[in-house]
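Presented below are the structures under discussion, each in the form of structure tokens.
Look at the two complexes coming up: chain A is in both, with chain B in one and chain C in the other.
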Partner chain A sequence: MTGRVLVTRLGHMVLVVLAVMTIAFFVLRLATGDPARLVNPPGTPENIIAQTRAQIGTDRSLPVQYLTYLGDAVRGDLGTSFRGAQSVGRTVMAALPNTLSLAGLAILFSAAIALVLGALAAWRPGGLFDRLVLGYAALAQATAPFWLAVMLILVFSLRLRMFPAIDMSSWRSFVLPVTTLVVALSPVLTRTARQSFLETLNEPYIKAARARGLPNWRVFAVHGVKSASMPIITLIGLQLGFLLAGAVVVEAIFNWPGIGKLILDSLASRDFPMIQGGILVAAVVFVVMNFVVDLLYTLLDPRVRAGQT
Partner chain B sequence: MRAIPSRSSRSRSRIVVVGLALSLALAACASDDPGADEEPDPATDEQAGDTTDGEPAAGDGQAVRFLMAENFWADWRPYSSTALSQKRLERQIYDYLVDFPSGDLSQPEPSLATSWEQVDDTTWEFTLREDVVFHDGQPLTAEDVKASVELASGTAGESAYALTWAPAEVEVVDDQTVRITTEEPFAPLLVELWWTPIVSAAWLDGDESRLQSEPNGTGPFRLVSDDVNVKTMERNPDYWGEPAQIETLVWEFIQDPQTRLNALLSGEAHAIDRVPPEHLETIENEDGVELLGVTGIESVNLYVRTGRLPIWDESADFRRAVNLSFDRQPLVDNLVMGSAEAAGSFLPTNTMFYQEQQPPFTADPEAAAEALAAAGVDDGGPPFEIWVAEGFLPRAVPVVEAIVAQMQEIGLNPTVVTSDVAGLIDDAFGEDGTGAMYHLSWASAGDPHQAAAVYSSAFAWYFGDEELDALVDQGRTTLDPSEREQVYAQLQEHMWEQAWHVPLYNSDFTMAHVSELEGIIVQPHSFRTDFHRARLGN
Partner chain C sequence: MSDVVAAAAEQSAPKSTRAGRDVGRRILRSPLAMLGLVGTLLVLAAAVLAPWLSPHDPTSQNLAHILAPPIWAEGGTAEHLLGTDGLGRDVASRLLHGARNSLFVAVAAMLIGSGLGLVTGLVAGFFGGRVEALIMRLGDVQLAFPFILLAIAILGVVADRSALHLILVLGIPGWIIYARVVRSRVLAEREKEYVQAARAVGAGSWRRLFRYVFPSVWQVVPVIALLDVGFLIIMESTLAFLGLGLPPPSPTWGGILAEGRRNMVVSPWLPVLPGLAILVTVLSINLFGDGLAAVIDPRLRRGGMRRILPPSLTAASWHDPGTAARDESSPAWPVATGEGAPLLQVRDLRIDFPATESTVHAVRGIDFDLRRGETLGVVGESGSGKSVTATAILQLLDPPGRVSTGQILLDGEDLARASNRRMAQLRGRQLGMIFQNPAASLNPVLTIGYQMREALRQVTGCTRKEAAERSHRALLDVGIPDPARVARQYPFELSGGMNQRVMIAMALAASPRVLLADEPTTALDTTTQAQILRRLVDLTEEHEISLVLITHDIAVVAEYADTVMVLYAGEVCEYGPVRQVVDDPRHPYTRALLESVPRVETADERLVPIPGDLPDPRAQRTGCPFAARCPEVMDVCREVKPPRFDIGGRHDAACHLWAPDRVAGSKP
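Up next is the complex of A and B:
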């Protein structure tokens, strides 16, 4: 990647983040709900409401608020929560690893399950196991994550006392929320893996490998897994947004201290700085991760590099 | 034809594998619990709800986790808001001049004031307790009381508490004696003092940001960690009274009632707030957990805004027709599942001088039709919106939907608008609101002034009813209890006749806690939740 391309890409990233910040800022202001009224009870005189507005800065014009927000963000200051004196930056950054770990583990286990089930299903297409796997995929896809989460808590937390019902306190805490996300994510990955295995097994080089006497398990384990991984990885990239959205619901049910729950709780009180901070950091992480992947792509694949230069 | 995986996609696969490995590392970093493999335990830290190694002995190192249903809206600037969640938190950190530990408003008991006397109709003298220190080590003096009361009552600056206070001036007689003088006789003075935390004068004069973030009280707990949704307190070892048994007290906001219930039943929380009616049976049938509640402390009404539905403002007959269009008791029995009492007055049932009004409002289609005809309405009148918020008051949306269906049966033209709390509050009190009625609640500390003042000219629910306004004033300034009772009897009767709003029911307030948590107090007149004398038993 040349310097010019790099600068262009960085410029695009800044534009994307700026667009996200702008949309989040104005959509929040367009939504009903005056934060100053929420700090005070119904019936509070207007002079008290006005005083609160002045304290939290919502009495200024929208352009002034917007420019102040942008200026502060450029300096790394995401502001202070409307609900107290907490630093938005510190609060959001504390929540970020919790969301990333949840999503990351869900991806890891979903991919592993998809590869194993996909391979076993493709071993004998139309056989009993294949039908069972397709049945699982259909059932899991039809299961609402919030319902599954509550059921898992009822069985494994309240009855069997195996895992915590809420919070992120130890490795046990990950089991139920990750399971919920895995059940949501794995069906589409499993079907894709199965299809990919089936296609791979019809490739001439697979037939040649078998003709050379290579054992079936080795054909699957070496060639099949390698080929099936590619579309799964592509699909994971496409599902990342879905996964983060699902994590919001899961975080709320399991009281998971991640960015999704932070934004959800902040919405109830129209805590604009906290919502904006959460969205901004999530957008930056997303954009940066994509950029890093593309950058490494460029470094590792000469054809991409050639295409860009 | 399938594309052969390129080198770039192989590279991407390596990158993703590295990313997944990183997520495992993040998971390990995110969990910093020393007792990571222990069984779930309710003792938690302020952010992640970390578990501890086993239950501490009673009174020594005890940690209690309480899950709140209400957002922590406000910051720690004293008297800057009347947000209920903030008042309940402040109860643990601050002290008050007087206390009503039994909940009986005729039985005040000493707290920071050891004695008091009413000098004349507008003046009270209080003697302060000695050897009381704030959490920062400064001793409590009369100057602190002066600064606190004058600020709270609105005499020394803007105060949200001025809504129910009367302007007051405080004379410092000596270090341990103050004399509070109100502009006019003020009957609920002791009750107001029960809700007015005493703050350090030096703190009030100091740095604004410190005032916002660091509460400095004299109470049994002091704040040690202040996160957006989690407030962690620890026992004040220098407390002037009996020290708290609990070492660490965590108040945490969890919006979803099902999540709060799960946490209680799995042993990850010791107490939970606002148990919805549909969860009561589950808790009753479960060993090791108990319900704790008070009945009828919160008026849930359809509050009407002046000017939004002109015929409402102009016609008592129209208001009567609306009030006779539906039944309250079935709402209470079937939708609120018995966790309320049908409204018999505009004051909550547990309010001092409460009197049930006759006849009660019940569904009477014929009388409603007659009232509509008397109001000159032959087509049900103009359309109007009834706003209701999801996720706060129990079963709010089905309640309003049932009311609207019954209203429509007699020809009225209401529609339901469902919102979240923020949207509803904004529509109700913003200049551009479109709603006419709002499903909301109002609680008081038991004194009728706090309950009735919301309908006076000081509030947005006022309809220009001068007689009502005069009665509210009279109730506030009448000191003789029997005369005051008569004033409030007249006020309740007048309000029932005029029916400026639509009374529905007085809802219960129910918490739940693990049985081993003893001594937690919920006041019968209020949402006061006191952990001072709570302890974890065996």
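Up next is the complex of A and C:
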């Protein structure tokens, strides 16, 4: 990636984040009534509401509020929660690692599973294992992640008492949420991995590698995997949005103290600064991960690295 | 948010149009697609008929009768087939109405997304230019946009959430999937002749759009729409589960599950049932969608790539060479054994590429020897079977190709019957091969050095350091001045000539006993060609490697080979020591080949082409394959296949001109 490409990319990333901030801000303000009214219980006297309004700054005009919000955000100030006086920035940043660890583990495991299953399925297309893998992909794709999460809790927490159902305490807490996300993420990745293995195996260089005396497994594991993993990486980038949705669901179900749960809770309490803060940080994570995926792609493919394609 | 569908659609979007007439018939023949269709229709029927099928009002509560178990559990009654929920509502009725709501929202959202996508895709594809650029750029932006976050925010705060909000939020982001696919179809369709012809007679662009392009594009959309609906059902249920779906008391699968979860300790079936409903619905829709995609474009059928790795060869799939129909007229080449036996003896080798329609007989019973240390030149035009023979020796034929009869004896060991494991041991160590296209034969994402060391360590079992040293030496040997730098480079960074040298170095580094070089210098200019070939031949002599040099250029063979075999349409025409064959060619085809070489000494650079074409490789053959093009053809040539008549001095020609009785009879 040349310097110029990098600058353009960064510019795009900033634009996307800015767009998310803007849309979120106006949707929240326009789709709902007066936040001061929402924060207070119904029937609160008008003077108290006006007081709240002045307190949270919604007495000013919308453009002024928007510009203030942007200006503060640039300086790293995401405002103060409507409820209580916690700093939004600090709360969101405290939740971020919990979401990242969940999503990161899910990506790692799904990619690994997709590569292994895809490779084994492509080893003998149409064979028993291939059919099993395709069957798994079809079933997993038709499974609603939230249902799977509840089923896992039902079986492994309530019945077998193997893993905790809620909260983040030890590594055991990760098992069920990560499993849920992996099952949601892996079918499309697996099918793509299988397909790209099949295509890679048709390449002349695979035959040439076998002619050089490399055993099939090695041709497969080294030459196949490196080429076949590229479409997977692209696809992971495309799946980030889906992963984000999955994270929200999983965090809600497992009471996971991450960004998704924070946004959901704040939505319920109409805590606008907190919702905006959560969405902003999630959007930043989203574009950064997309960028990382592109970088990884570049690292893996020397042709892209040299700017050939 | 519909990225999953986007990815799935890209995998299953049909790429070629087919007449839709037999779609129904072919769906009927695919059990999985049928299952999907039946399941989809059942769910659809349940959704449409829910008000009439439901035994109870899905919202009527009966607090006296809460958490009743389903009929199969203890205490279950026929009154509530699937029991009741925490408010005493009938679960079966709620699930039926849930199907109705889920399907309604998903289908409506799909219609909005597909409608938008169809229009934008058609417009982008048909008008092109700035309009297209703008639309596609918008799509890119959307895919890089965390839409789900905004969807959750919008649905979470909107004052009075309704079905319409849900449908719009779910539906609108889907447009890009449809737009992309439709656009690419339009682009392909636009180029087709009939649209061009219509333009010539002056049909207006909108008329063209609908008259010609729309029907073909229309085929693509249902498959994507089906997969999209499956995805949307899951998304709708997810939102409902989070409390962001249809407002209560409307029953939704996600909502039923969320409520059931609160009572799951007492009534575990409550959260189980709606999830199963989603699973069955989405699975059915996906199976049907995949089946439809496969029918519309058979190339996408799952398992249709079966041909990549050959099935392991079993003894049963072999004809016994002893009993196989060998040409009676052809004198059998006996297999030599003992001290002076040739290194490689190929006997009655036949290679077929079976297909459903008809089998291609690429090689039709050839015999030849490769003696220790010699260079055997194999000459023939494309389709003569020379490359296929080489790949068969390594047992690396592209499926469905297979050796159907014959023996390939390397030091007495029959490679045609060797196990995959044994072949893997022999490749690299005993048998090396240089492929035609060097750039494609090197892995583009691994460095030259890595690929060389990897092969060397595998074959010789040496250490990493030794492998590095040996590959440096091998690269130096083929005339690469700075091996250390080249080893760090990737194939795409090297010129064709350099890649060719690398391939040769790789093949030689492990010192195989037999090296098969298939057109090792085709892609190069004449000077480099001569350099590399000279180097190759010298190195094989130095390392005592027996070389099979495959080429279409008989001049190359004349220059570098010891023995020559001329192949034509899968059969041997002439075989013998190179000087004898070149100076005194007996087969008319060999003569024609030699005449087609531009002669520098006579300053006559005209190529003399051989008139006519190769015979059909699928046809059963009687007589001589060259008969149709032979200037000296006789009646017998069309009826009787000529055996390889001995000329003397290891030289033979498969031509009736050299039949002993004829030769004897024509003597004065």
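Assume the second predicted complex is superposed on the first by the 261 of 309 C-alpha atoms of A that agree within 3 Å, B and C clash if a C-alpha of one lies under 4 Å from a C-alpha of the other, contacts with A are read in each partner's own complex, and residues count from 1 in each chain.
Please note the rule applied: contacts are C-beta pairs under 8 Å (C-beta built on N, C-alpha and C of every residue); 3 or more make two chains touch, one makes a residue touch a chain.
These numbers come from a predicted model, not from an experiment.
J.: Which term applies to chain B and chain C once both are placed on chain A by superposition, clash or fit?
T.: Clash: chain B and chain C overlap once superposed on chain A.
J.: Looking at the overlay, what does A:103 touch: chain B (first), chain C (second), both, or neither?
T.: The answer is first: A:103 touches chain B but not chain C.
J.: First (chain B), second (chain C), both or neither: which does A:51 touch?
T.: Once the two structures are laid over each other on A, A:51 reaches chain B alone.
J.: Scan A:227 for contacts with chain B and chain C and give back first, second, both or neither.
T.: The answer is both, since A:227 touches chain B and chain C.
J.: Between chain B (first) and chain C (second), which, if any, makes contact with A:10: first, second, both or neither?
T.: neither
J.: Where does A:274 make contact in the superposed view: on chain B (first), on chain C (second), on both, or on neither?
T.: first
J.: By the touch definition at the top of the document, which applies to A:132: first (chain B), second (chain C), both, or neither?
T.: A:132: touches no partner chain.
J.: Touch test for A:151: chain B only (first), chain C only (second), both, or neither?
T.: After superposition on chain A, A:151 lies in contact with chain C alone.
J.: Is A:252 touching anything from chain B or chain C once the two structures are fitted on A? First, second, both or neither.
T.: The answer is both, since A:252 touches chain B and chain C.
J.: So chain A touches chain B in one structure and chain C in the other; where do those two contact lists coincide?
T.: 31-33, 150, 153, 158, 226-227, 252, 264, 267-268, 270, 300-301, 303
J.: Per the contact definition, I'd like the list of chain A residues that touch chain B in the complex.
T.: Touching chain B from chain A are residues 31-35, 37-45, 47-49, 51-52, 55, 81, 83-86, 91, 94, 97-98, 100-105, 107-108, 111, 150, 153, 157-158, 161, 163-174, 199, 226-227, 229-230, 233-234, 236, 252-255, 257, 262, 264-271, 274, 289, 292-293, 296-297, 300-301, 303-304.
J.: Of all residues in chain C, which touch chain A in the complex?
T.: Touch residues, chain C against chain A: 1, 3-4, 6-8, 11, 141, 143-150, 152-154, 156-159, 230, 234-235, 237-238, 241-242, 253-254, 257, 261, 264-265, 268, 271-272, 274-275, 278-283, 286-287, 290, 302-303, 305-306, 308-309, 391, 394, 396, 398, 420, 424-429, 431-433, 435, 437, 440-447, 451, 454-455, 458-459, 490, 492-493, 503, 506-507, 510.
J.: What residues on chain B touch chain A, complex-wise?
T.: 2, 5-13, 15-16, 19-20, 22-24, 26-27, 29-31, 33, 35-40, 44, 47-51, 71-76, 80-84, 158, 160, 163, 209, 212-213, 226-229, 253-256, 258-259, 262-263, 265-266, 268, 303, 391, 419-423, 425-430, 438, 440, 442, 454, 458-461
J.: Could you please specify the touching residues of chain A with respect to chain C in the complex?
T.: 12, 16, 19-20, 23-24, 27-28, 31-33, 122-126, 130-131, 134, 138-139, 141-148, 150-151, 153-154, 158, 188, 191-192, 195, 198, 201-205, 207-216, 218, 222-223, 226-227, 235, 238-242, 244-245, 248-249, 252, 263-264, 267-268, 270, 275, 279, 282-283, 286-287, 290, 300-303, 306, 308
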